[in-house]
Structures are given as structure tokens and as C-alpha cells.
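There are two complexes below, and they share chain A, which is joined by chain B in the first and by chain C in the second.
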Partner chain A sequence: MFKRSGIRNDTTAGWLFVSPVLVILGLFLFIPVIMAAWVSVSDWSGRGSPFSAGVNFIGAKNFSDLLVGQGLTQQDFGTAMRNNVYYVLLVVPLQTALSLWLAVMVNQAALKGKGFFRTAFYFPSVTSSVAITVLWLFLFSATGVVNKVLSYFSLNGPNWFQDPRGVLHIILQSFGVQPATGGARILGISGWEWFAGPSVAMSAFIIMAIFTTSGTFMLLFLAALQQLDGEVSEAASMDGAGAWSKFWFVTLPMVRPTLFTVITLGLIGTWQVFDQIYTGTQGGPSKTTLTPAYLSYQAAFQDQQWGQGSAIAFILFAIIVVMTIIQRSVSRERDVKPIKAAKKEVGS
Partner chain B sequence: MRKRPVGFTLVAVYVLLIVLAVIYIFPFLVQVATSFKTEPEAASNPLALIPTTWTTAAYKTLFANSDFPLWFRNSFIVTVVVTLGRVFFNSLAGYALARLQFRGRGVVNALVIAVMAVPGVVLLIPKFLVINQLGIYDSFAGMIIPLLADAAGVFIMKNFFESIPASVEEQARIDGAGTFRTFWSIVLPMATPALMTLVILSFQGSWNELNHFIVSTQSPSLTTLTKGVAQLASGQLSQGTQYPLKLAAAALMTVPVAIVFFIFQRRIMNTTSGAVKG
Partner chain C sequence: MTDLAAAEKLLDNTTASGTLRLRGLTKEFGNGADKVVAVDAIDLDIEPGEFVTLLGPSGCGKTTTLRMIAGFEDPSGGQVTLDDVNMIDTPPNKRPMAMVFQSYALFPHLKVRDNVAYGLKIRRTPSAKLREEVDLALESMNLSALANRAPNQLSGGQQQRVALARAMVMKPRVLLFDEPLSNLDAKLRERMRIEIRTLQRHLGITSVYVTHDQAEAMSMSDRIVVMNGGRVEQAASPDIIYRQPASVFVADFIGRANFLDVEKETSTQQGRARVKVLGHSVDVPAHPDAPAAEDVVLLLRPESIRLKAVDTRAGGGLGGHEGRVLFSVFYGDHVEYEVETEHGTITAVVADPNVDAIHREGDDVEVSFNAERAWLLPRTRQPG
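== the complex of A and B ==
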């Protein structure tokens, strides 16, 4: 590459250059985590400094209240976990599939008006979650656009954001399944409640998440698709591969690294649902849009249960870290060999 | 396998994509249309793109009888300062991590990566604690300083500096220019594409930021657009549905990011520069 003119030492300049970033990140990211760790094992009530003499160490009580407490605290946490699990289970696969599909469609050589389609699909991603939520509250209101469209098909839309019924419950009950009572409780929630599915209100948020993120992820997939040599897929077409088999055997293996990135980003993002809930429903109706992120905020800033709020934040942190690690290790195992082989083929 | 007739597939693709594009765009058109409707019409005729009776009542209320202009000003101040700060500090750090030889560089690098992995909402309470402890709660300092650097931005700049050849700056150094001068007048001008990316991301990020302002301020005089409109939406400031008003506010707050998006559209959408011809 290039030759260095003698051995250079930029120690002073180097540290000077990184110091603003280090100070800011250290002060507002690193130290906060340490402070919150202390608060999560203390009984600090929000008055004065959490390090003042009146604040006591109470061990893992905040965590045990949430995980094994048998009280309302545990029930709320369990409800929030259930809500978010359904959110993740639906949003991540759907947004990944939709964005990949959009990218493949928009990337077709013969397609005209590519720019228009890309802009249309990407635009929702630039708007703020607050503005989009406001729009969604209107679209999905009782007299809103969605219900109006449904009425053309003689369907009676629900009052989306006021409807706490679980979607799975609605389906099960339409087949005559009766609500089960009793049974084992996990995190203070009965089995029947765990199988509620996302509430109708949460479903509206799920649709919103897919709507707003598919554009961003489409761009990631597009970048990957365009890095492949057009010749590869053309050659595949020449060899007589149909669209489906071309997608399955040529496109998919090549965008696999991006696929895993999108899934990871999706998993990280969908566990952090906060803005929408703060703007839209504040956890209602009947706590069916409560998420751990919002619950953590509510516990601390509204109920002054700072220890509990911090404990929820740490549990959430752990969930996200574990998700990422599992996802990474799975992708590494499956990935390394085929990708290397694929790259060699493309490169030759 | 036989090839299907190309024409039919293509038509089907067009139809599908156009239907989808309509689904993606229509909500925004409805939003703008509804902001010019009367409240009864917003409820009775939500689909119409042209109001039967035009009214600018929503906009009048926003500008004359609400804190909306103040929110807009606050968002503007924060966004401009944060964007300038991020561009400067991130590129400084990115340059140092890419080019300068100094002891501890590896550690700093690892730290920046580690920080990137910390999810934002987990920091809600912790950030409030530190901001409060530092005595900058409920001030512009508390709103701006924590956002002045971001790990992802440092990474974008670091990657970019690593991708350009070092020969030019090496020459400047041999000619006796100091490290900062080399960085400021030689390296930075070459980094325009990456800087633009950073400007777009920072602008969009700080304009759309909500949760940081929730935990760093409480007084109405420091409310930003996101916080103000969120409160408007959750009905903390009003009665009734007021859809035209809320949608007008949401539409107006989207205008600046939409402008930035359309100006820099090519850069944002052009996923690999030079890969697509025509």
C-alpha cells in the first residue's frame, strides 16, 4: 500500500481526536449503565441522589418481584413480555420477507420506474415514529380509513386501538373453544392468557412496524443484490432456471449475510417498542400494548419505582444480548461455508 | 424448465408493485387531505382525498393558539447543533481510529463497538440519572450534549477513511503540516460523501428523537416537536378526537425530513454508487 515515513507516534493527537467522543459516550452511555445497575439493586425513590446515605442496598428484590413475585408487578411484567413476544414473532419474519421480496422485485432489470417504487416504499422510513403513530391512530380509528375500506367488502372493522381481545382468542373462540381457567401460571399469567395472541390494538402496531421498516431493510437487500454480478443471475436464467428456483438457489444464498443482518436488527428493534406506545396507547387497552420498554419507563418516571424500572431495563438488555448471540452463532454455523463457496464462484 | 412468456410476468409484477405503492403512499395523501377537512368530515368521509369544505382551521390553531411554533424552534435548534457536533466529533474520532497510531487505539475501538450494542430504550432511566446528577436536567445542555456523538457515526467515518488511500495526507505530513491541519484541510474535504451520509443520518435521527427528550426535560418551554405532538396525540393537551389538528401537526413535522430526503434522495437510495447504470 504505502510506506510510512519513519515510525510515527500520534499519541497526543490521537487521544485529543477521540476524547470528545469518549467523554460523551462514557458520560452518557457507560456511566449511566453502571448507575442504573446500582439503582436496580437499591430502594431509591427518585428523591435526591441515588448515592446518598438514605438509599439502601436491597439485593435482587426488584428482580425477584418481577420474575417470581406472584404480585401485580409480576403480572404486569408477564403481560408486557407476552405482548412483546407476539410482536417480535410476527414483525421480524414478516418485515424480513416483505423487504426481501420488495428488493428482488424492484431490482429487476426490465422494470421501469424503479426510482418511483423505491421512493414509495422507502418514504415511510424517514418519518418519525411519533408522526406515523398519529397517522395510524387516525387510519385505524373506529371511523377511520381502514374500517371504511373494510366496509366496502361488507366487513365490520373493529375499533382497533380500543380493542383488547387477543387475535388467537378470537380465532379459537370462533371454533367454539371455551376459555380455560386455572392451569399453571408463567410470570403471573395463565396459559390461556399466554395464548391470547397479540390484541387487536397490538396488531395495528404490528402492521405499522412492518409498514415503516420494510423500506429500510429493502435498501439493505438492494445493496446486497446489486453487489452480485448481474451475470450470475443472467447465466442462471440462460440455464433455464425459473424465477422461483433462481430466487431459491441463486439469490437467497448470496444475500444470506444481509438476511442475517436484517433479522438481527429486527430482533434488536422489536424488543425496544417504546415511542409508539408512549404516543398511541400508553399500554392500553387493558394493558395489551404494554411492552417491557414502556413498563420500565412507567415504573420509574410515573410510579417512582426506580429500582423496578431499572431492573426491567436490565432484563430487557439481557434478552436483546441473548437474542443477538443466539442469532449470531446460528448464522455463523450455517453461513461460513456456503458463502465462501458462493463468493469464489462469483469472483471467478 | 421452460421459460414463461416475459410479457405476462412483467405485467403482473407491475400491477402488484403499483397496488403496493398505492398502499404505501395513500396514507400520507389522506393525512394531508384530512388536515384540511372539518372534524365531522374527517370522521364521516375519511377516504376522500379532496375535502368537500376546505378549511385551514387546523393550521391556524397550530400556529396561533398552540405551542407548535415553540416546539418547532426547539427541534430546530437541537437538530442543527447536534448535526454539526456529530459531523465534527465523529469524523475526528473516526479519523484517529482509522489513521493515527496511538497506544490504546484498540481499546477505544473495542469500546465504541461495545457501546453500539447497548440498546437505546435500556438507557432511558440511566441517562436521566446522569443528566440529573450533572445538573443539566431540563436544559438545552441536557438535551444536546448527550446526543453530540454516536458510535455508529464514528464507525461510518472510520470505515470511509480506511477506504481512501493515505498517500495524499502522507505527502502533506512530510511537507510539515500538523495532524489537525492535515485532517481539516486535506482529509475532510475528500470525505464529502461520508460527511453527507452523516449529515442525513444525524438530521433525521435528532429531528425524530423522542425518548431522550422525554427523560431530559419536563418544562413546556423545552418541548420538542416529537414530544409535543406525542402529547397532543395522547390527548394530554386537548379534548375530542381533533384528527385534522393532529394530522396537520404530524404532517408539518414530517416536512423537514421529507425535504432532506428528497434533496439527498439519490445518495440515500443509491445503495451502491456506480453499480447501476442509467
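== the complex of A and C ==
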């Protein structure tokens, strides 16, 4: 007969049960991270094991090359950072706003063909990003559909994916602002270059990112909207709220948890732009679509500088973590903290 | 309890209670073969300060009617007028009405105070006035101490008070209630009934209250509108609804009822008829349509039936006016009997029973009733 023999046995059994997942996580997640951490402080060239005798510890050199190196490496990294900052600044708010707007639209009871619109908006999200990039290259080519449409309005469209000019630069120069030279350089990039804005080529990628991801986030918002109590919205109406104030003061606050999710996922996704760049422009024109993720790939797989590649990956990781923490603390501030729901009415 | 003085001060001279009229109000859902008429050409006049309850089983159209009054449903036909102004094309947020919902529908992200203040903010009420009125509304519902709580920190009853305060602070000309008490436990529900009724009567706000709970309707209303299948079966005061129901449906839906198949003998005078029941010829009050109706039934409420012990040794078994007790249930404050009679099984309720005098299962009893409490009505509703 079996007999339960205390907590000790239960604990052993517990560890035994979770051991498969621990082994899998360790093997495919934890150990690779440790290895990457080692590689980022080594001069490993991708040949043989990173733990073999020929691989040397070189301290924080990979990091310092990137951050304070004063060389081409630092300049490339700075350029990639600048490109990606603009990408994030534009894509995250726009895709969040667009997806929320779409969700509100397709959530309306009065809308006919709801199913069709929901599917149509979600479709780009399930299509391979490579296919979409190829499509984008066609649409935004010098003689592509986009420029054709612009020509109907007597507008001369740029040669999108070949145009390295920064959008902010174009705007500033149209107001007669002259390019500034000199000044302090941050990450090897001059102040004027930092204010270039996304290049025309990058802008096409930005539009693409908004187009492809809005559908996914629309779905998240839609799920949140459908959780909302219809009576609350009606109560707001009875209180005299029109559509706009109802959205702003009732709907939006109630979908805030989803808003947080969408922004976080957006921040993580946009700091990891790789496949579009790899398929599309490979960093060009004039490195204006270079991103840290793509740079990391280039350093490791093309230039065999695996240490540097890993270092970029770790910097990216740090950026994403910091961003998420900031975003979390900002959005948490105004929450009403539930203390303890009074379960029973105390005689009043 | 509610603070009537504060409520009165809040609404002081600012609220003109509205006259609400429904004319041929109709709502159809679906098309063609799937078409369902939820509300079928309802006419109803609600006077200023009146408390009217729409009562009926689920699917009778009461909620749809309320939602058309509020503006959440577009009527397929007919009119809703408030003080002779047609409201049909006015969106809900522009109608001078307020509503209390079944789910309370508080804004979960706002504190109690901000929930109440929301409508006034939308109206751009100056902040000093806003603060004063919100304070009064909170005070009147005895919520001042909870002003800074979040809705999820309140009990159901407290949440419903906030919903009431939020409705009152808007000084509506019509106050709408959509089953506001059905999520509360029985004891609290009874107390809230009294509070809402006291407040409403005191302030004289025209109110339309939807419920499927007849006790709620009976205890609160000036007038009950019993609905069935999208139509009004009867609209009258609670005592008329109970004593003189317009149809078998109303009689059955409100309270408990025995329907006895009886033979109509003669119509004596207006509003009365002579029928043969339980072996006697009895003169009873009758529905105006009853004398002309082919088929009539006699409504006997269980509490108007009297039972008396029969001395079985005198012999006889089941006589013409006798019944046999099938079972009796003692509830403390009353005893309920099922009695087999020549008219079938009837239910009788005897209040404040004398324990020694309770009839037992199998006892033969003499069955009689208070003729003035009986009501003769046509079996089927007359068309038109």
C-alpha cells in the first residue's frame, strides 16, 4: 500500500513534474542567453565553440566600440538608433490610435458587413511580412501605384525606397533652414543628423508597419470593447454624453489595460524591426533604414563580429526593458486602486 | 435611509415633472418571416409625478418600451412625447431624462463623487455649483462618507444608491428604472423599494419603472401597466389590477388565483352577475365584458376562501359545497391548503391560523368564499 509520507515527498514529486519544462527552458532559453552574454564580452569570430581556448575575454570593448568608440561602428550604431527612434515614435502612437479607431468602428452594432471589415482589417496581420514587403516595394517604386495616385493630384512622388532624405530635413529646409554643421555629436551623429526625421524610405516602412500591425491590435481592442458593459455606455448617454465625450471619458479609461498591452507590444515589436529591412532595403539608402536589430545581424552573420552583434542585442534588450518600465509606471499612476470590496451592505 | 431634505434642496424649484405620452408606440425586430413585434401600438399617458410600472413576463415588451422612451431603440412607429414635444428624433443624451440600470452601470474608473458629477461636467456646470449639487445628491442618498470610494469598493445596495444619486443630480423630468433591484438580495430589495418610493413621492418626479416582480410593482406604483406579447393587458392602480383584473392573464400574473368554471345564470345589474358555484347561486362582481361572454370563469383569490370543518359522523361524504383537503402546509403566519372540490383543485390561504383548527390531509371541509372579493371575467380576451 502507498502511504503519503509528508511534505518532503511532495516536494520531490513537484520538482520531478516541472523538470521537463525546466530542462527545455534551460536548454533553449537560459543557456543561450548566458552564452550570448559571454559572446558579447569576447572576441569570438563564429568559428568553433565560443568556449574554446582561442576565444578571449575582451571586457566591455564591444559595448564601448558601439557607445563611445568614435569610429564607424559607433556611427553606424548611432544611425541605426536614430532611424529606429523615429520609427518607434511614429509607428507606436499611430498604430495604437488607428487600431483603436478601427476597433470602435467595427464594434458598432449598426455597421453592416461587420464580419467583412473585421477580416479585411485583420488580413495584413496574418500575411507573411516578406510578402507584404515585396508588395510594398512594388507599391512604392518610382513608377508604382502610390506615385501614380499622387500624380492624379499633380503631386510628384519621390522614389521612395531610394530616397535617403530625412522628412524633417525636407520640412525644415522648405522653411529655409540651412543644414548646421559641427556641434556636439551623440553616438557619433551630429545634432543636425539626429533631427533628420525618418528618411523617405523609412517612412514607407513606417506606413507598412502601421498597415500590417493595426489589424492585430484592433483585435485586442475589439475583445476589450466587447467586454464592456453596454449599460455603462448607455448610462453615459443618459448623463448627456455625446459620442466623443463618451469615447474619451468612458470607453478609453475602461480599455486602459488593453491600451497598456498594445503599447507594450508595439514598443517591443518596433525596437526589433528586422525582416522588412532584410527583405526590402538592407539598411539602404545611405543607411537610413538601418536598425539596431539589422545591424546586429550584419555584425554577427556578415562581418563575423559575433561579440559586437551580441552586444547590440543586449543594448536593445535594455532599451526595451527600460521603455516598458517607464510606460508601465506612467500608465499605472492614475489607476484607482481597489482596497477591499465591501461584500455586504452594512446597515445604513 | 435617504435624506429627503437634501434631495428636496437639490431639486428645489428646478424640476418640472414631465407629462409623458406614448401614442401607437411600436417596435418590430427583423424582416419578413422573421419579423417579431416586440411592442404593438401601445398608448399610455403618464401624468406629472406619477409612478408607473411596466410589469410583465420576460419578452412582453416592457424593457423595449422603456428603451424607446429613453431613446436607445428607434420605434418602428408611433410617438413618444414629453410635455407635448415629440422626442422621437432626439438622441438619448439630449432627452431630459435619467435612468437607473439593473447592473447599476457605474463608471468603474471613476470615484463615487465623479460618477455623480459626470453628467453635470458634460453640461459644463460651473464648478462651485457642481460641487454643491453633487454634495446634495450624495447627502440625499446617504453616500457622503463613500464619496471617494471606487465603485468596486461598494456593495450592490451602495452602488444602486450611487446610480440613483447620479440620476437625481441631473434633475430629470422623467426618471426611468430598468429592473433596478433585481440584483439585490431580498431583504435589501424590500428596503430599497420603500426608499425609492418615498423619495419619488416626496419629490414628485414622473417615473417609469420596469420590473417582472409583481411585489415590487404592487408596493411602489401609482399605476401598473401589465404587458403581454407587446400589448397592454391592463393599466390601472394596484388594487384594481388585483381585485378586478381585465383578463385571465392579468389575474394569473398578479398574485395567486383560482379559476373556477362556473355557469352564468343571469346578469343582475351593471357590473354584477349571478353564477352557480359550489352548489349555491351567488351574486358576484363581474367584468363589463363578462355578461356578454360565452365562456366565463370565476376568479377567487386564495385568501378570500374560507374553510370550515365538517362533522363527518353526520355522514354524507363529498357534498355539493364540500371539499376534501389534499394537503396543508403550515408557514407560521399562514396555512396553505389544496382542496379538492367539484370545480377542481383550489388553493386556499388562511392567515394567522389557530394551530388547533388546522385542517389535516383527508379532512372534509365546507368551502365558502367572500362573494364581494370574487370576480367574474371572460375566459378569453375580447378582441379590440
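Definition applied: the second predicted complex is superposed on the first by the 309 of 348 C-alpha atoms of A that agree within 3 Å, B and C clash if a C-alpha of one lies under 4 Å from a C-alpha of the other, contacts with A are read in each partner's own complex, and residues count from 1 in each chain.
Keep this in mind: contacts are C-beta pairs under 8 Å (C-beta built on N, C-alpha and C of every residue); 3 or more make two chains touch, one makes a residue touch a chain.
As the structure is a computational prediction, the values presented were derived from the model and not from experiment.
Participant: Should A:Ile58 be classified as contacting the first partner (chain B), the second (chain C), both, or neither?
Facilitator: neither
Participant: Of the two partner chains, chain B (first) and chain C (second), which one does A:Leu135 touch, if any: first, second, both, or neither?
Facilitator: A:Leu135 contacts chain B only, not chain C.
Participant: Going by the contact rule set out at the top, does A:Ala223 touch chain B (first), chain C (second), both, or neither?
Facilitator: Touch partner of A:Ala223: chain B, not chain C.
Participant: If you stack the two complexes on chain A, which partner ends up touching A:Leu72: first (chain B), second (chain C), both, or neither?
Facilitator: After superposing on A, A:Leu72 lies clear of both chain B and chain C.
Participant: Between chain B (first) and chain C (second), which does A:Leu27 come into contact with in this model arrangement: first, second, both, or neither?
Facilitator: first
Participant: Using the touch definition from the top, say if A:Pro253 reaches chain B (first), chain C (second), both or neither.
Facilitator: A:Pro253: touches chain C, not chain B.
Participant: So, does A:Ile171 touch the first partner chain B, the second partner chain C, both, or neither?
Facilitator: So A:Ile171 meets neither chain B nor chain C here.
Participant: Name the contact category of A:Met105: first (chain B only), second (chain C only), both, or neither.
Facilitator: In the superposition, A:Met105 contacts chain B only.
Participant: Who contacts more of chain A, chain B or chain C?
Facilitator: Comparing touch counts on chain A for chain B and chain C gives B.
Participant: Give me the intersection of chain A's contacts with chain B and its contacts with chain C, in residue numbers.
Facilitator: On chain A, the overlap between the chain B and chain C contacts is residues 237, 240-242, 245.
Participant: For a test of understanding, state which residues of chain A touch chain C in their complex under the given definition.
Facilitator: For this pair, the touching residues of chain A are 229, 231-232, 234-242, 245, 249-250, 253-254, 256, 336-346, 348.
Participant: Show which residues of chain C lie in contact with chain A when the two form their complex.
Facilitator: Spelled out, the residues of chain C in touch with chain A are 1, 70-72, 91-94, 97-99, 101-103, 105-111, 118-119, 122-123, 142, 150, 152-158, 163, 166-167, 170, 176, 188.
Participant: Quick check: in the complex, which residue numbers of chain A touch chain B?
Facilitator: 1-2, 4-5, 8-11, 13-15, 17-18, 20-22, 24-25, 27-33, 35-36, 39, 49-50, 102, 105-106, 108, 110-111, 115-124, 126-135, 137-139, 141, 143-145, 148-149, 211, 215, 219, 222-223, 226-227, 237, 240-243, 245, 268, 271-272, 274-275, 278-280, 282, 293, 296-297, 300-301, 306, 309-310, 313-314, 316-317, 320-321, 324
Participant: Spell out the residues on chain B that touch chain A in their complex, using ranges where they run on.
Facilitator: It comes out as residues 1-4, 6, 9-10, 13-14, 16-17, 20-21, 24-25, 27-28, 30-31, 34, 42-44, 46-47, 89-90, 92-93, 95-97, 100-105, 108, 111-112, 115, 117-131, 133-134, 145-146, 148-149, 151, 154, 165-167, 170, 173-174, 179-180, 183, 204, 207-208, 210-211, 214-215, 225-226, 229-230, 232-234, 241, 243, 246-247, 249-251, 253-254, 257-258, 260-261, 265, 268-269, 271-272, 275-276.
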